[in-house]
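Both complexes shown next keep chain A, but they swap its partner, so chain B is in the first and chain C is in the second.
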Partner chain A sequence: MNAARLIFDLAGAVAFVFAAVMVVHRNPIKSLLAIVVSFFALAAGFVLLSAPFLAAIQVIVYAGAILVLFLFVTMLLNLQTEEETADRRPFQKLFALVGIVALAAILLSDVRRSGEITGTSGQPPATGAVEPLARALFSQAALPFEAVSVLLLASLTGAYVLMRRERSGSAAP
Partner chain B sequence: MSVPLTDVLVVSVALFALGLAGALLRRNAITIFLSIELMLNAANLAIVGFGAKVGGYQGQIVVFFAIVVAAAEAAVGLAIFVAVFRHHETIDVNKINLLKW
Partner chain C sequence: MSAADWVIVVLRPLVPVLGAAMAVPVLTWAERRGAGLIQDRPGPNRVGFFGWRAFGLGQPLADALKFFFKEDITPDNADAFLYTLAPWIVMFSALVGFAVIPYGPPIPIAGRIVPLVGADVPIGALFIFAMTGLSVYGIVLAGWSSNNKYSLMGGFRSAAQVISYELAMTTAAAGVFLSSSSLRLTRVVEAQHASFLRWNVVPQFFGFVVFTIAAFAETNRVPFDLAEADAELVGGYHTEYSAFKFGAFFMAEYIAMTVGSAFIVTMYFGGWSLPFFHPTGLFGGLVSVAVFAAKTAFFLLVFIWVRWTLPRFRYDQLMRLGWKVLLPLAFANLLWTALLVRSGVL
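== the complex of A and B ==
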């Protein structure tokens, strides 16, 4: 068993355990902090899959920006821990669990055949270097790159409009 | 010296199933949203794993765009939560019947 595989499995186990903590924990702040650890472990996995740039933006954008935004909103809303209320549809949870287990079983049975996949693209395997990724991103993916900047502007505007308090008296546009 | 694709996919399936469980079973909207982010990350991991196997940088480019779209989604989703919280004083999804004002 090689070292890269060992470290990847370790990172995957850490990601899984802390994701489970996130799902189970009743306090939203603690679930947030647990998923930050999970995303850090996933970043370590990206490094081992020769994607260090994605590992960097996983840490900076996901753990650093998106989850901090979650943290701010959670603190702003001053949420209490989820209280136990009477479940009006008790069978819903049972069906959900059965469905999840079935989905995981189907996917895992397909995973066993993944050894048949080999490099067919004719391209050299990705190295850790960022430069060829940047060249590909700004040449063949230049149009989606620009489109996604418009998407970010649109979501920024949308978030502003949703969060804005409507002043009584002035007509809403 | 490389990670076998099977390991990557097993981790990805496990994280996706956990995220799905959280999204279906929890009632706090913030936790549901975090579970959706976890499912997105599991899919990202699978794409990077396949990309490393096939070669080239296509997989990493797709994941880059997935992360950008996830950032946009998080901003709008959290804004919706704040707006809903102002109306209902709760974001427990059992107590919000959004389509019945």
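== the complex of A and C ==
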């Protein structure tokens, strides 16, 4: 086992552990920070899979922009640490555990079956793969790519309309 | 790898990072003397060495000692862990940016050709953007963990500001990547070798303007220092900080300024190269490093000059400038550059 593989496994473990911390932590801000750490670990994984561009985008877009907005809103709402309340659904936790185990089993069996991982062309990916990614994104995947941007625009407009209706309604009486 | 190789591998990123850190005391002195010059007053001119005043150059040393010996206070209701972590996030993200900026040509050392860049990664520029994105966490967390409304306001402002200006900055930078057809910063410098007309500032002047203004906003410098806004928010996100934790924020600001200047020089002013002047060998390489340092120093002076000349923006003005002026301008610049590249001019 070489050093790169060791770091990769370590990054994977960190990503996994902090994702779990995100779920169980009771303080919403700390929960958010845990997922930031998890994303950084994922980025480290991308670097070791010789996809530094994906790593940079992972950090810039997810950690650097989207989660900052999440943090912004969480702080603005001033959410408090969750209190432990009496469990009204005692079976919920049990079902959650069963669900996690089942999902993990499916994933693991799939990973085991797939064997050695290669690119779509069956060849190892080139280093610093910005160009192949760009080509794929703007030729094969051009339509889904544009469709996603339209979807984002639609959700943005939707949020704006909902917000406006609420404001005019409250101003009416 | 032999021992010499290891030394070179370690020194390559360490030299510029330490260089930026070493520049901090001189910069704080230059900032306050510059303020004195612009506002027609002396500035710090007393603290010298052994009876020699040395234009007040001893002042940064005295300031550094002060940071060490002041009481380190953590407010009772602060979140102690995040409160301690925040200044170091800011410091870390400022320092590592320099690791990917080329600061000289490849030079021969001990029979090897050593490129003078910490790490010549294929996504060099994006690495710097990613790290500036990280610094906002430090500021926001400092604001939140202090448990003080002024600090929190500073943190909010910083988050919104950095996100808004990062968009304009990356869009402006896209023009440079288009004309040098690479994200690799050594390649960006190479593409500007030939003549002054190839310096990206000439064909992409508006891109340069947007990039520079956004760099000011990213470093939270006047006129974009709404996150600290001492007239309204006491000290903004670092209101509660004292001693070396405050010192870390203070140093990080100047390091970020140095990285910002070096980044502007690399992207738009040919980096370490000068057209019609290509010294070779070890000595030539060191001359190129001096050229790079001189260009960076010029932009550092611009940072200081602007700080003591312009008043602070109001928050709505800041947002209007970012979204309605800089972003469209950056897109226009990108389109213009695409036309130039397509028509074979660049």
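Please note the rule applied: the second predicted complex is superposed on the first by the 147 of 173 C-alpha atoms of A that agree within 3 Å, B and C clash if a C-alpha of one lies under 4 Å from a C-alpha of the other, contacts with A are read in each partner's own complex, and residues count from 1 in each chain.
The criterion applied here is as follows: a contact is a pair of C-beta atoms (placed from the backbone, for glycine too) under 8 Å apart; a residue touches a chain by one contact, two chains touch by 3 or more.
Only a predicted model underlies this, so the values are computations on that prediction, with no experimental measurement involved.
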State whether chain B and chain C clash or fit side by side on chain A once the two structures are superposed. fit
I want to verify the contact counts: of chain B and chain C, which reaches more residues of chain A? B
Using the superposition on chain A described above, determine whether A:L76 touches chain B (first), chain C (second), both, or neither. both
Just to be sure I read the superposition right, which of the two partners does A:L152 touch: chain B = first, chain C = second, or both, or neither? first
Output check: A:A142 vs chain B and chain C. Expected answer is one of first, second, both, neither. What do you get? neither
Would you check which partner chain A:L10 touches, where first means chain B only, second means chain C only, and both and neither mean what they say? neither
State whether A:G64 touches chain B only (first), chain C only (second), both chains, or neither. second
After the superposition on A, what does A:L94 contact: first (chain B), second (chain C), both or neither? neither
Return first, second, both or neither, reflecting whether A:F53 touches chain B, chain C, both chains, or no partner chain. both
Could you tell me if A:V36 is touching chain B, chain C, both of them or neither one (first, second, both, neither)? second
Enter the shortest inter-chain Cα distance between chain B and chain C once the structures share a common frame, rounded to whole Å. 14
Contact residues of chain A, present in both the chain B and the chain C interface: 53, 57, 65, 69, 76
Where on chain B does chain A make contact in their complex? 1-11, 13-22, 24-28, 30-31, 33-35, 37-38, 41, 44-45, 48-61, 63-65, 67-76, 78-83, 85-86, 91-92, 94
Over in the complex, which chain A residues touch chain C? Could you list them? 29, 33, 36, 52-53, 55-57, 59-60, 63-65, 68-69, 71-72, 75-76, 127-128, 130
Considering the complex alone, what residue numbers of chain C touch chain A? 82, 121-123, 126-127, 129-130, 132-134, 136-137, 140-141, 144, 152, 155-156, 159-160, 162-163, 166, 170, 183-184
Would you tell me which residues of chain A are touching chain B in their complex? 2-5, 8-9, 12, 15-16, 19-20, 22-23, 28, 31-32, 35, 38-39, 42, 45-46, 48-51, 53-54, 57-58, 61-62, 65-66, 69-70, 73-74, 76-77, 79, 82, 85, 88, 93, 96-97, 99-101, 103-104, 107-108, 111-112, 114-115, 117-126, 132-133, 136-137, 141, 144, 148, 151-152, 154-156, 158-160, 162-163, 165
